Each structure stands twice: as C-alpha cells, then as structure tokens.
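I've put the structures underneath this note.
The same chain A turns up in both complexes below, where it pairs with chain B and then with chain C.
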Partner chain A sequence: MRLPESLSRLIYNAIPSHLVGEILTKRWADNLVPFLLLAAVIAIFGTAINGFFAPASLLDTTRQLGEFLIVVIGLTIVMLGGGIDLSVGSIYALSVFMSVVGIYLWELPASLALVLAIATGGLCGAFNGVLIGYLRLRAFLTTLVTLIMGRSLYDILIIAWGRELQMSPVLNDRFDYIGTGSLGGLPVSILIAGVFALLAHVLLSRSRLGWHISAVGGSRRSAYNAGIPVRRTVFLTYVISGLSAGIAGFLFAARLSGAGPGTGSGLELAALTAAVVGGNSLGGGRGSIAKGLMGAVAVLTMTNGLIRLGYGTGSNQLVLGFMLAFAVVLDIRWAKNRHKVLAEVYVAPVHHRMSGDESALPNGGGAYALNDRLSDASPIALGEVEGPEDVILDEDGNLYAGTRHGEIVRWFAPDYRRSEVFAHIGGFPLGLAMDHDGAIKTCVGAMGLYSIAKDGEVTRLSTETNRSWASVVDDARLRDPNDCDIGPDGRIWFTDSTTRYDAHDWVLDSIESRPTGRLLVYDPKTGKTKTVRDGLRYANGVCLAHDGRSILIAESWACSVHRYWIDGPKAGSMECLIADMPGYPDNINRASDGCYWMAWLGVRTPTFDLSLRHPGFRKRMTRRLPGDDWLFPNINTGGVIKFDETGRIVGTLGDLTGKSHPMVTSMREHKGELFVGGILNNRIGRFRIPGADSEWTSWKSYWSGKTPPVAEGDPSQAARRRDSAETALPEGRA
Partner chain B sequence: MWWDALLDPFRGKAVTIPPMDGAFRPNTLLETAETFAEAAHPEALLVHEGRLLVASGADLLAFPLEGGAPVPLHRFETPISALAAFPDGGLAIALVAGEVRILGGRFDGRVVTEVAGRRVHAPTALATVGDGVLYVADGSARFSADDWQSDLMAHGASGAVLRLDLVEGDGRIVADGLAWPAGLLVEPDRSLIVSEASRHRLVRITGDGRSKPQPVLANLPGYPARLTRAAGGGAWLALMAPRNRLVELVLSERAYREDMMAGIARDLWIAPQMSSGNSFLEPLQCGGVVTMGVRKPWAPGRSYGLIARLDDRFRPVSSLHSRADGRRHGIKDMAEIGGVLFAASRGGNAVLEIETGAA
Partner chain C sequence: MSVLKSGTLSQERIVFLFAIVLFAAYAVLLDGFLAPNNLVAILRSVSVLGILAVGMGVVVIGRGIDLSMVAVMAMATAWQLAMMNAGTSPLIATSIVLAGVVAVGIINGLLIAYAEVPPVFATLATASFVFGLVRSRFIVQDAIPVPPSASFILEFGQARLAHMPIEVVMFAVAAFLSFLTLRFTKFGRYVYYMGDNFEAARTMGIPVRPMVIGQYVVSALIAWLAGLITAAGLQSINTRVVNSTLLYDVILVVVIGGIGLSGGKGGMRNVVIGALLIGIMLNGMTILDLPNIYQNLIKATILLVALIVDSRLNPRDEQVGQQGDI
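Showing the complex of A and B:
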C-alpha cells in the first residue's frame, strides 16, 4: 500500500516520534513500567473491592504503608549498592520487641523507646554490614543466616517475655498517638515515612554517600579504582537498612501496642517484591526511592486487597512470588535489551522535500560546476594530522588546526614542517576564530566554546545555553558546537548543529533531517550564552560579514546560507542569502576581495534527496540495516565555493579525483594562499589563489584599524589606544 | 523461544546477505591481475581459432592470444551481448537489439529473432551443442539485454532459456519464468546449468525442459553471470555485482523504488552496477566514506569484481576478487585456454589475464 506523500509528510512531521527515543535515553524512563503496574493494581482492586477508596479504608492502608515503605526504602538502598538484605523481617521483629519492652516493661518515654528500636536495628544492620562489607561474605547467604538467627532469637524472647508484656498496666499516650493518631488527616506513621523517604531521596541523589552507593552497585571494581571506599560504603548500606527496619518496627509496635509470634514474618518477601517490582535492579546500580515507593504501594495494595477479597495468607504469598518472578525476568530482559530498543527507535526521520535543480557537474554549465583545481593543492602534515575540521593562521603565518585527538596543533611558518601541540582540550575542536588579542576561540565538539590564549592557556567560555521549556533531552547542553566567529563588540556567535546527536555521529543527523540546529551567542561581559535562533537543519559555518553588521550562517542539510542581522534596522532578523545549492555547506570565511569562501562538505545525490521524501524508508533503513550500510549524502566529494555579498556564486574549486580533498569542511585565506581542511582528511591543503591580495590576512580584515578593548593596567595597550584616538573609531566603541 | 512469535511484530527485521566467507573469502587476485588488453565495456569473451574474441560495445575484436593489437572483425549497429561458436567455426553473436546472428560456418547469415513463438528480447548468454543446436538465455521479456538493473528492480521473472535446432529448424522454450538467466553451461548429459542472476543462484534444467529447474547452488553473495567450463574440471562463474543490504532493502520498498526508477538516471540508482565511483551523484553508504584518505575495501558497494571457481558438483572452492577499493569490477565473462583465464571486467574496461595455477 502506497502512502500519498502529503499524508506521509503529515504523519512523520506532525507526530513527534523522536520523543520516544529521547524518553528512552532518560533514566526515569525505567519508572514507566512500574508506574503502569501500580496504576493497574490500584484500578483492579479499586473496582473489585467496595469501599476501597473510602477514607477509613485509605487511612488504615496508609498507616500500614508507613511502616512498609520505610523497610522497602532501606532494602532499596542495599540493592542499589549491589547487595540484598533478607534479614529485614527479623530485624523488624526484634525492633518491635525492643520498643514494646522499652515502653511496657522498662516504662521508658516514647522517644527513648524509639532510640532503643533504632539502636537494635542499627546493631543488627552493622552485624550484616561487617560480615558482608568488611569480611566480604556473600550477601544472600549471610542475610539468610541472620534472618534465621534473628527470627530464632525473637521467638525465644517473645516466649520468655510475652506474658509479662501482655500483663503490663503501662499506658503511654504519646506512644499510642504515634501508632493511631493523625495529623492533618494523615496518620503519623505515613508522615514519618514521608520525611524518611525525602531524606533518603536527598541522600541518594544529592549526597556523596548516595553517589558512592550507586557507583559501587553499578560497578564495584570501577568504584574501587575511582577511589571510593567500597567496603565502608557496602557496610553503610546494611546499617541504613537496619536502621530503617528499626524505625518501621517502632511504628508497628506503636500501632498494635504489642508484639506477637508472627510479627514481621514474611516481610522480607513482601519488601523484596516491592523493591524489585518498583524497578530497582537486583544487579545493583539502578534504582531510586521513587521506584521503591511505587513498588511498596503496589504490593501493599495487592496484599491488602487480596485479604479483603477473602484470600488467605498462602495465596497471598503465592501471588507475591509470581510478581517477584515476573519482575525479575522483566528487570533482566529490560537491562539487557534497553540499548537495542533505543538503537532501533532513536532515529526518527522527517519528511523533507529538497528543491533546486542546479547542478555541480563539471560539464553542467552552472555556476556551481566543480573542477579539479584543488587537486593541485600541496599537502601540509600529510598523514600526521587527523581531522583538521577548521584551520586558522596568525599574523606570523603560523597555522593552527584542531584534530580528532582533542588537540590544537600549531605548524610553524613558512614551510609548516615543524609542529607542536599548541593546546590540548579534549573533545573534537571544530570551528576556530581569532580574537583581537590573538587568542583562538574554538567550538569543541561534544564540549562547548573554549578560548586559547596566545600562551596556550585554555579557558572554558560556555558549555550551556538556556534550556527550552518543551525539551525532553537536556538541550541546554551544547552537543555539537560547530563553528564560531567574533562580532565587533566581542560577542561570539556560534552554532550548535543538532540537539539529537553527538559530535562524532553528525552525519546521522542528515538521515533524520530534523531541524534542531541553533545559533547561539556568548557574551563575554556576562559570561552567559543565549539561543538566538533555532530550527536549523544542521547549523554549521558562521562568518561575520565584511561590514560587521550581519553574520552568515550555513545550514548544511538545507543546502542554504542565511544572513542574520546583528546590527542596524534589521537587527535580529534572518534572511536567506543562498538557497537550494547542489552541495552541503560547511564553514564560511572571508576572502580578500570582499567575497566569501564557503566549504562544501559534500554534494547532494538524487537517491538521498529522494529518500528525504520517504521518511518511512529511512526509518526502516535504520531499523533493518547495520549502520555501515545506511544511505548517506555523498560526503566523499566536496569543494570550495566563492560567493559575494549578494549571494552570487563567483567561483568554485574542487577535487573530483577525490585523492587529496574528497571532503572539504573549511578553508582560510592568508596572504594570497588558501589553506584547506577536512574533518575526515589526513592533510591540510595549501593552494595559491591566482590574483589574490598577497598581503591580506583574515586577522587584519577583522581587527586592524579597530581598537581592541583595553585591559586595565596594561600601559602598552593604553598607549596604543591613545595613539589611535585620532583615527575614526568604529561606532559605539569610543 | 515461543515468545519470539509475539515479539516479532515489534522487532525490526534485519536485512541479511550471505557473507563473503569460506570459498568467497576476499583477496586481491583480480585487482592485481595482469591486464591483457584495454577494451571499452568488454561484455563477452570467446577463444576462437587461436584468437581471443572480445565483444566491446558494438565492436567484435580479435586479439592474438600472445597479446598485441586487436583486429576489428565486425561492427554491429547495437552492442553485442553474448558470443558462442559452433564446431565448424561459425559464430553466434547476440545483440542488445534482441537478435542472434550467425557469422561464418554453414549457417552464415542466419538471424534469429524468435524461437517457438517467443521473441528474443534480451539475449544474455549463448551456448551451442553439437553441430547445430543453439541455446539462448533470454533475460527478460520486458527489458533489453543491457538493462538488467531495471528488470531486477521491477522484480522481473520473465526470462527464459530457448533451444533452437538450426538444422531441423525447430525451436522450443526449455524453461521460462526465470529471473534474468545470464549464463549457460551445457553438461555432458545434455542438461543445462543456468545462472539465474536476480535470484542469485544456479539452476539445472534438463535438456527436454520437462522438469522444473532444480537449484544446484543458491544464496550466492553476488549476482551470477556467465559460466565457463574450467580446464581442470568444474566451472568458472562470473559474479557481475555484489549483493548489498541497502539494495535488498530498496527491493522491498515499493514506493521508494518506483520513484527512484521513474525519476533518477539508471546509473545513479541504488542498484547493482558494473562499476561505481564515476560520478559524485552516485549513492554513498556510510561504510564507503573516505576517511583519512582511505576507502575501506570492505565498504558496501554497488559494484565488485568476483569470479568463483566451482567444482564438478558446482560447489564453490575458491574465488578471485577486486574489492570496493578496486576498479576491476563487473566481471561478465571468462575464457580459459592453456592455463590462462581471461576475464572481461566490464566496469574496469579491461580484459584480465590470470594464471589459473594461482586461483
């Protein structure tokens, strides 16, 4: 069945299918399944049981929830640290016993009884912790043993003291209030549990210990190598679990004012089920308090619901067992296949119809006709440099380029045989621009905007912009900063090409063709970065116009160049300068004759253009083929295009043999020569431009005749400023 | 497991192709082979009366076997698509125009355009048996012999093998419904081995044409073309283009494929080709991106050079390759004589010369 193009356009462009993949990249996406389960359990029992939602019923349920939730939180923390605690049931029972003994036999105040219960729990937890954390016994067996030991101890104690407890005449109002009272309509126990959950959440997500626990659970060895005290961290998780069971035991004792033989038996199964059903991974490292909360509510609702429907303890345990087994299977399958699901659904292409039928064929006769002239370029650093996306030269003629190793390398004039690592930044340095003081500003792929002073010192300028309100992925982060240029006022205009892919996956953005590129501006006065334009299909090269009143922006996958006004009456507006080119534009730079050089990273092919009109085809392609087989735009053939201020194409340079410069991502004119870079190339080309001004340099064209802002306390600069005071200052700079 | 059936609708269905492994393990034997002669678009080879005949476009050239300048034998109005010879020295020459002409011998001047009521549409291979029996592989009833890509992309299966007895004058359709038969080999028992290009397999057809074609070798990693008897037993099989996952995907994508065929020049299709890298308008796949000045030899491509050596039961035993970074692509035909295998690389515009001891 063939879908009409307009319908396919509607389906693929109107439905935000890319959000599925973006949501899956989020950690909280793990919560969706437990959340649905919780909703289902509440819906089922809410309809099956009359009066389920009645206030009295809810109050009773939440009272139990308070105790149960605290135990589940403790267990969640242990599981997050990669362990398991089966002994929570016995610790709980012992704490109940100690609370009751404290109140009814020793006649202690409620607060001291609470301390007694917590101390009992903490002591038992510490016992587990020493055995598992420091002596490194197996968590499962150890806590099974302590479960049995604790349970036996409790049985002995309750037989010995049970009668006396029953006979005790003591009445403790505060103790009873904690058990049965309410505050603002909510039982005290759930309030305590709420505070406890909040504290635990802050501990896990905001504190050093919390991060240590996640790290140890995620990978014990890596955590150890990172210098985290693994044994102490594991020890502490069991102590926390013991303390939780202690608090919960105290609340139980307060609610029932006593202890019986069955207290806390089977609690470990219920708590474990709750933690796992909530989505906490048994393998450790993945989990949260929110998950524990959802699991606890689901399990408690179900067990209570089953009892109220008339099912006994046996069937209750059976259902819990099934739930646990199901959750464990789901946990393992999900952890194993999540990245596969993500890889399959992440690429979400949109429909896009390219227009323009100009040809770049050498015999096509059009203005864009490519040639072989660039194959004459002599190579610099052949085989030594890897991935010089952009190149720039200083006034002494030294050549700088970023490499895929995260370095900015300097080659020394005049022959460029000697080189040194000028600065190591990391990431993938892409676009370069030179400031009035000779500092290099660079967009570093996957990192942000950086500045390298003349002495090689690296300063981070910007790694984030304002976040848009509707974004799922964090679009404040600069994902693929690509090219930058410096305005006359010192503001740095730069592009972030896509919010969907990391810098090294940049070509995948063309398959999706989703307009997520942005134009950003960094203001050195405030140190803030602002998004001024978004919705560009791979925003790429940026170049300040010769008059300094507008910037030119290349929009790669749209094959267009735009002019964005930063000054004058049209400031803040954008207009299209060149549209529908037969190639994909990359960096743009100034030429000595008042024109501009533009690099083409590739050329359009009819098959790829057609595939843009068939988003379903591209979607299936990314799902059914391995990445190496995907259809790409032709990035094996590029070139250099020269255009004037009106957008008219003046000339082209190409290398159709593909031997020297298959893909061109940048070029810089310097004293009559053109230096050519390519992000996938192993050389920098050096090409003599016939008839070019042999004195012109890019830096002079930006900064000569202009007064740089004076750094205070720098006498030489201040002197220079005085000297040039007579010459006309640019507008607004005096 | 049983749940796979439930989960399958939600899973992507991977497009797979047979790997180049085992007997098809890549090497550079074709890429490094001696060039016997340069020739534009060599389509067919034939050793005939001590000379190597090469069909190059519309020209029939005769090269001395020891090398040297060719003698032009004949120029036709349309390109030649296949060659065969009779024991008496007569030549059968198939033309893209859809006819087979006999040159020399007792049937000199005969022109075959129809066999048993079927018009010869795309003669892709010829074979002779005895003194006067001619087999013609007719690639398609819709497209001409140089338009295999269109037939493949249209899921064509209208090819046939025709038998014509020039002495008796009776013709017969031995098999039809074939997906572009592109090579013929007559077995000693008079059955025929036919390479069915678009279904990437070899089938056996009995001489009387009464039983259905039986596959003898399937799941080839390329599209098979001509077959030639090998000197030491068995056969040589030319594979004119590689299989490619993207092409297989396009074959299953009706809307895209139809638009592509309607709006884009055939050389630029996502389809197997005899050569690639001729224009920057050709499709590019991710693995084919030139990185640090290198085109990876394993890159998925539209063209490839591949000859397989088959044993006497048509199982592949070894192969010769020109990989994605090479130029000797689109091997259409071979001829072996005196320990030398000649191979016509249509995409590489050359006739190659390989010592068969090396294969």
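Showing the complex of A and C:
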C-alpha cells in the first residue's frame, strides 16, 4: 500500500468521524450551544466581578434565581406547546400583591397565602388559555394585551391598598423564613425551584400531558389528527405558566415582604430571553426544562452582573435585546438547517481494500463464472408480487414470501396460481425460517423479529437487543433485521445489517462500508435477545449448517461468508469460510446434496472496489452529487452460488439476460426445484435443479428425526389441508 | 383597500358608526366636548398616535408588525436632542440620527426577511436593544429638552396651518402620502400582495426580502418623525414613554380601524378612523377625569375585544398556517 493510501486509511479509519453525525442526531446535542454560552457568561462575570463566587454573593443570586427559574420553566412549557406567554410579568406582580395582601391585611398563614398566590396565577393563566387555546387568538399579541391589563390592574390595586400594606403591623415568621431563610446552606426559594423543575421535567418527559404538549408544539395539525385534544392542551400550558408565575410571585413577596409599583415589570422580556437563549425553540416542539434552566442562569448572571459592574440604566435592555435577537436567529437558522448539516456530516466512509482476483465473468473460467441457466426459470406471480426478499415452502408445497406491502403472501401448491394474504405484519418481511411446528419466523425490516403461527397469527418476538455501553446511536433498536435461522435448540439466530442506517438507506451503508452489522440471538426461553457478534460489513444471510453445530453468515459489503460455531469445542468463535468473492452475498440456505445455496445481490465492479480505497472521494461524492449519480454496488447482475461445507464453490446459476432474475436475494430448494426471490423483483422464479433429490425439503432437513412429529406436521393432516384448499374454489363459485 | 360590498357591515363601518355614536353621546352628555378648542384638542392629542399608526399600518398590511416604533421614536429624538444640547450642529446631529434610524429599520428587515425571525420577536429585541443602547450610552437622563439653539424646532411646534396645529397637519400629510404610495406606486401594491399571500408574491418574482427591509425602514422613519413632532410640541422628549402603553395604543388604532393582522387588508382610511375613535374615547375619558391607569385598563380591554373580533373576521387557516406563527 502506498503512503498516501496508508495515510488516508489512518485518518478515515482511526478517527471516529462518524460520531459527529451520530451526536448531531441526538436531541441533547441542541444543548451544547446554550451550555457553552452559559459557561462563557459565568466565566466572564466571575472574573470581572470581585467576590462573584463568594458564598454570600452566590446565596443572594440563587435566591433570585429561584423565582426567576420558576417563571422561565412556566414559559418554557408554553413555548414547547407552540405558544408564548408575555403576561408572566403582570401575573407575577398580581400574585405578589395577593400574597402580600393575604399575609399583611387578611393575616392568613403562609400556606394559605401561597394557595392564594397560586390561585391568582392559575386564574390569570386560565384567562390566557381560554383566549389562545379555545378562541385561538394569536398568542403573542394576546398575552401582550393581557400583560397590559394585568399591569393596569396591579397599578390600580397597589395605589388603592399600598398605604395600608405599608402600615400593617403583622409579622409572619414562616413567611419571612421562606423569603430569607436557608436550608442546608441553600435558600428556600432555590430548593422550591429545584423541586418544581424536577416535577416539570417529569411532567414533560414522562407524562401523557407532557408528550401531548410536545406533540402539539411539534405539529399542531398532526397532533389534532392523532386525536390529541389540541385546544385543551394549549389551554393547560397557559394554566401551568400562570401557576408558575403565581409560585414565583409568592417567593418574591416573601423575600421582599412587600410589593412596589415596579414589581415584575420587564420580567417578561428577561424570561423570554432566558427561555430562548437556553435553546427552546420559538413555535414549539423543541425544548426542555434543562434548556430553561441554562437560559435562566445565563440571563440572571448577566443582568445581575451588569448592575454590579455599575452599568447604568438601559444596559440591561441593551444586552437582553441583543441576546434575544442573537438567540432567536441562531435557533431559527439551526432548526432550518439542522437536517442539511446532518446530511453533510453523517456519511463518514472508511477505507476498505477489497482483495481477490476471481471473476464472475461468464466464460471467464474459474469457479464463479456465471451462466445463463437461471433465465430458464418459470415465473410465479409475475407482476403480482412486489419484492419477495425471501421465499419459503411448507411441507404441503405451499409457497410463502414477504412483500413490500407489509404482508406475507401464500401461493398454493402445486401451480401457485392462487394466493392469499397469509399474514399482515405492517413492515417489510425479509428473511424467513420455518420452525418445527410449521410457524414462520421472519425478520421484518426496521421492526424486529416476528413469528407467524400456522393459523396466521402474528407474534412479536423481539424488537431490541442489549445496548452496547459506548454506543451513541441507540443500538438496542433493531434497525435493519435481515435474515434469520433457527438452531436445533429453538434459539433464533438473526442478523441486524447496520446500526447506522435505516433499511432503505442501505446504499449509504454500502458507500460508507463501516462494519456495524451484527449477529444476534433470540432465546425463546427467556424472550431476550443478545448481540453475539458485531463489526460485520452489512451482516446478511444466516443459515444453520447441516450438522446443526455452526451457522453460516453472509457479510455483504465484505463479500465473505463466515462460520460461527454455536456448539462443540469452538463454540462462540467465528472463522472465515469464503473470502473475497466477486459478488455481494445475500441469503444462504441448505441444498439437498449437503451443500448450500447462496444468493448474490450483485457483483463487484473494479470502479467501486477502487472507490472503497478512497474514502475522501466517496465523502465528496455523497455531499456534492445527487443520489442518482452516486457510485454504489452493482445490483444489475446477481445470481445463485452453490458451495460445500468447506467453502468450495461447486456451481453457479445466473441470468445474463437481466430480465428474469438480475438481482437475487434468496433461493429455497424444495423437492428438486429451486424457488428464487429478489427484493427488487416482480416475480418468484421456479427452477428445476437437474439431478436433485425430488423428495428433499428444507423443513425435513431441519426437523425430521430431530423432534417428534407434532400434530401440525402430521402428513395425513397436511394432505387433508391441501384437499380442502383445492376444493375451496369450486365451492366458492357454487 | 377595503373592497367591501356596499351595505355589508364591515368592521370599518362598525367602528365608524361607533365613533359617531360615541361622539354624539359625549356631545350630549359632556359639557364642553363640542367646543371648537376641544375638537382641535382631540385631533391634536391623537395625531402623534396617528402618525405612528400610519407607519404601523404599512407594516401590518405587509403582514408584519413593528414593536420597535415607540423605542425608535423616543430614543432617536432623544439622542438627536442630546447631541444638539452638547453642541453638535443640528445638521450633523440629524444626519447621524437619520443613519441610525435607517440602520434600525434595516436590522429589523434583515432579521425578518433574511434570518426569518418572526416579526414580533425581531422587533421586540430591537426595541429593547435601541432603548438600552441610547439610554445607557448616549443620554444621561430620562427627559431631554429641546436646546435653545434649536429654536426652529420650537417654532415648528407652534406653527399652524389653516388654524390647525402642525401635528394634525403632519398626521394628515403622512396619512395622505402613505395613501398615495400604497395606492399608486409599485412599492405600495407589492406591500398588499405580500400581505395577502407572501409565498405567492415571492413566486411571482416580487423582491420580497428587499421589500420587507423597505417597510421597516419606512416605519422607523415615520416613528422618528412622530418623535420630532412630539418634541416640538412638548419642547422635550421623555424616554419613559417607551415603557408606557403608547405602543399598544398604536396597535389598537391599527387593529380597531380594521387592518387585519393577517395582512393584505385595509388602508390609510382605517388608520384615520381608528385614530379618531381612540381620540374621541380618550378625550371623553379625560374630561370624565378618569385616572390614567383606569384608562389603560379600558384601552387594553377594548384591544382584547378588537383582537377577538379580528380573529373572527380574519380567521387564520390552520391548513396553511405556518408552524411557529405565533
């Protein structure tokens, strides 16, 4: 390998550049910018102000933070639901007033004053909620108006009652303690705010209402169509915001033991700035309590810091205005371009040098040379079936295949002209395997492992595996389950082709060529799935060896077949059986003569092999060219390869016309015939294998003699079933 | 333009009728309401509000809103007067402030048209920024008097045209010029197209982004004009007006006059009618000696009712309503 190529391999394979894209897909990645901003603000003001970190100073700051944080949390919840609440400033002021009146004029205990404050806030919030949720007014202007109304009301009240409040002789120790006391070194208000934040977080992330709020904010129309009571949800967000302002007002009243003319004025701008600076999206859908918390600390630190640094009137507004505009622009540009950034950085190809000089060229000599024999295959369900990735037959000779429409269709023996929907699954069924009781196990694309009993009943077996500790993307999820087979003990071995891409993006996975495919095993006794092997380049076909002691695994983008031992002295180890084939292997199945059939979904090309050695080229290709112009594995010519237990190639079947079976993803031998499926094909091929055992079936090779015959497998019953199937049509006509 | 069939009861007609009824009721009930001086006072009291509403009206017709108008009005004028007080020549001070005002309009437009920030947030942020910048950097107290050297401003404030105070004349001129612009110029027609269907306007090739910037520059300039007229009339400018409810009065005039907040509807006639109604109402409340805070409450309530009526008359379409349009 020449130096530049070694260098490029070092750069692209050793640096985990794929993590950048994976981190960007995470919701928490949004928090990075506000977090850095917060750190910067604290660093700047911490160094600029003497004694910023002194306990007394921090205590005072956190006391204010408690009130402010509660207001910001309320606003965050409203914003998450797609609204905005500017009236928090006057709701806050009114609640302060009611708390003070409760304590000093009506001489209520602190708890009742709190209830009074919360009720005030809740009522005001409900007023907003009715206007915006039910009457569907514009949130911004409406709350702006209720802000003025509340403020005018407060001015009227404070002028009417202010003097009496000033003169009140009442002393309420508990009230004063809430305002000025500490518990374990922390002010009471910040403790309350902490509890409140925790509750709000649980509400948003774990409760039905919280999910509804996110849904409504994310897309009002979709939420409505999903049956979520949109108006009530919006209404409730404003009530929550009002309640929050009420609690915060009570804390403020306790801290200052009074209310003045300017109480809470300008709070709405500060709270709004805090919520937006924290990264809560305008217009809803994206936001969290953590974001609100970061924004609140940043804004409060900044506004308090400016005052303590001696900047005069107006500098607060200056900074708030600037921060608000800046944060909103950032938020909107990010929301708009996030997917572009993601698309730019997500595909991270690695260097991969393919070897092997065997060719599949027809007449080229060599074991892999393709021929034209498969073009003789007679079609089943021509034009009726879409995408039979895998095919399987039962003992009665009935043929089953998954289709792109999310169904498993059954064609009836012997001529396969009549068909019925055997089971509807909802996802694209890929690999199939038949259990000893005749149930079909299938890997459903993007969903998981499913079982379909003989009567057509669908059971979900597994949709997740164990999560590996260092994974960034959720690799517990089965992203691309592809093929399965059943071990002698009933465990189901199956592959998950990649953890990086969804099934329909397999082209990107091939271009990236990053080994993330896995071999998984589902244990029916425990119902658990675990990962037994990872690091495969698109793990694909799985087949239990004839002796039942190992399984064969096809690794598509590495053009290899591996043997994984499940029994015997080498159990748990994997060895390479066939390497460097000239084609990309797909499913593998047993043949009647003790060999194996392997489908090729396509053949290697020198151009793509070369491009695999140039990851930079492939990266540029995916960024600069439209998908149609990408170089990716040739899937126009595939075929069927037969190999023996030692990995020696003993035969090939191809369709050089490219008309019947250009791409083959599966084949199944049954009573001397080979049934051929292709995920992009519109037919199932039926090919008579010269000299094959005409009594051999796959099911018998797996199960006869190993398990006692069960009722469903009883041949006489099977015969009756076939009779009834064949007589069904005339009866139906009569 | 209100292209309503004759005979239908449009919001504009309702408001106009209501203004007449209110006028008649006050005339009967309140002593001195009909006195010529009081009638001129009504017009005068409402003219600054009306000038601001002209600017706001242009922006709202183009489906925007400008919450920075009052901040620009007060702070631009205060900065100008402060510079003149400090000895800068009026011409230079005016030029600098002109550049500043145009810059604020351009910043608003850039944020809204290019960064795609909703107008409410963009202008809320610039309002805060403009107030904070001028208040903390360029002036030292809340109220800035007109310097004696700038007697022309004072004379301008005292000037009368056909027995009308100059404020009223300026209101009329501003409204009439805006009417002509909206009606007869390409810019004006484009404003309507954009307000009616922004995407369609963009698709048919109207330069919507420069147009948006243009709108906000116009509204900033009109706000500054309102500030100068205020200063001329009161011989000083008080920057605390930024914290008052003046901004909401402006929105009240626009909305109650019948310019739908969803854009593309209404015209200068609506602004004049809205301003008259508010003027009559405020004048009556002042004669009744209602304290300012009660007046604010009443105005806010009326604005709320107007918003409800507006949302009923100009319902937003849920199907095409933009996500995040708040």
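One rule holds for everything that comes next: the second predicted complex is superposed on the first by the 703 of 734 C-alpha atoms of A that agree within 3 Å, B and C clash if a C-alpha of one lies under 4 Å from a C-alpha of the other, contacts with A are read in each partner's own complex, and residues count from 1 in each chain.
What we mean here is this: a residue touches a chain if its C-beta (ideal position, glycine included) is under 8 Å from a C-beta of that chain, and two chains touch if they have at least 3 such contacts.
Here the structure is a predicted model, which is why all the values come from computation and not from measurement.
S.K.: Classify the contacts of A:361 with the two partner chains as first (chain B alone), second (chain C alone), both, or neither.
M.R.: In the superposition, A:361 contacts chain B only.
S.K.: Given the touch rule stated above, what does A:680 touch, chain B (first), chain C (second), both, or neither?
M.R.: A:680 contacts chain B only, not chain C.
S.K.: Let me test your reading of the model: by the given contact rule, A:140 touches which partner, first (chain B), second (chain C), both or neither?
M.R.: second
S.K.: Could you tell me if A:31 is touching chain B, chain C, both of them or neither one (first, second, both, neither)?
M.R.: neither
S.K.: So in the superposed three-chain picture, is A:375 touching just chain B, just chain C, both, or none of them (first/second/both/neither)?
M.R.: The answer is neither, since A:375 touches no partner chain.
S.K.: For A:282, decide between first (touching chain B), second (touching chain C), both and neither.
M.R.: second
S.K.: Touching A:182 in the superposition: chain B (first), chain C (second), both, neither?
M.R.: Once the two structures are laid over each other on A, A:182 reaches no partner at all.
S.K.: Does the superposition put A:57 against chain B (first), chain C (second), both, or neither?
M.R.: Neither partner.
S.K.: Using the touch definition up top, name the residues of chain C that touch chain A in the complex.
M.R.: For this pair, the touching residues of chain C are 65, 111, 115-118, 120-122, 124-137, 243, 245, 248, 251, 261, 293-294, 296-297, 299-301, 303-304, 307-308, 311, 316, 318-319, 323-326.
S.K.: Touching residues of chain B toward chain A in the complex: what are they?
M.R.: Against chain A, the touching part of chain B is residues 11-15, 244-246, 249, 253-256, 258-260, 263-265, 268-270, 279-293, 299-300.
S.K.: Residue numbers of chain A touching chain B in their complex, please.
M.R.: 2-3, 344, 360-361, 370, 383, 386-387, 507, 603, 605-608, 610-611, 613-614, 616-617, 620-621, 623-637, 656, 658-659, 662-663, 680-683
S.K.: Within their complex, state which residues of chain A touch chain C.
M.R.: On the chain A side, the touching residues are 82-84, 131, 135-142, 144-146, 148-149, 151-153, 155-156, 159, 219-221, 265, 269, 272, 276, 281-284, 311-322, 324-325, 328-329, 332-333, 336.
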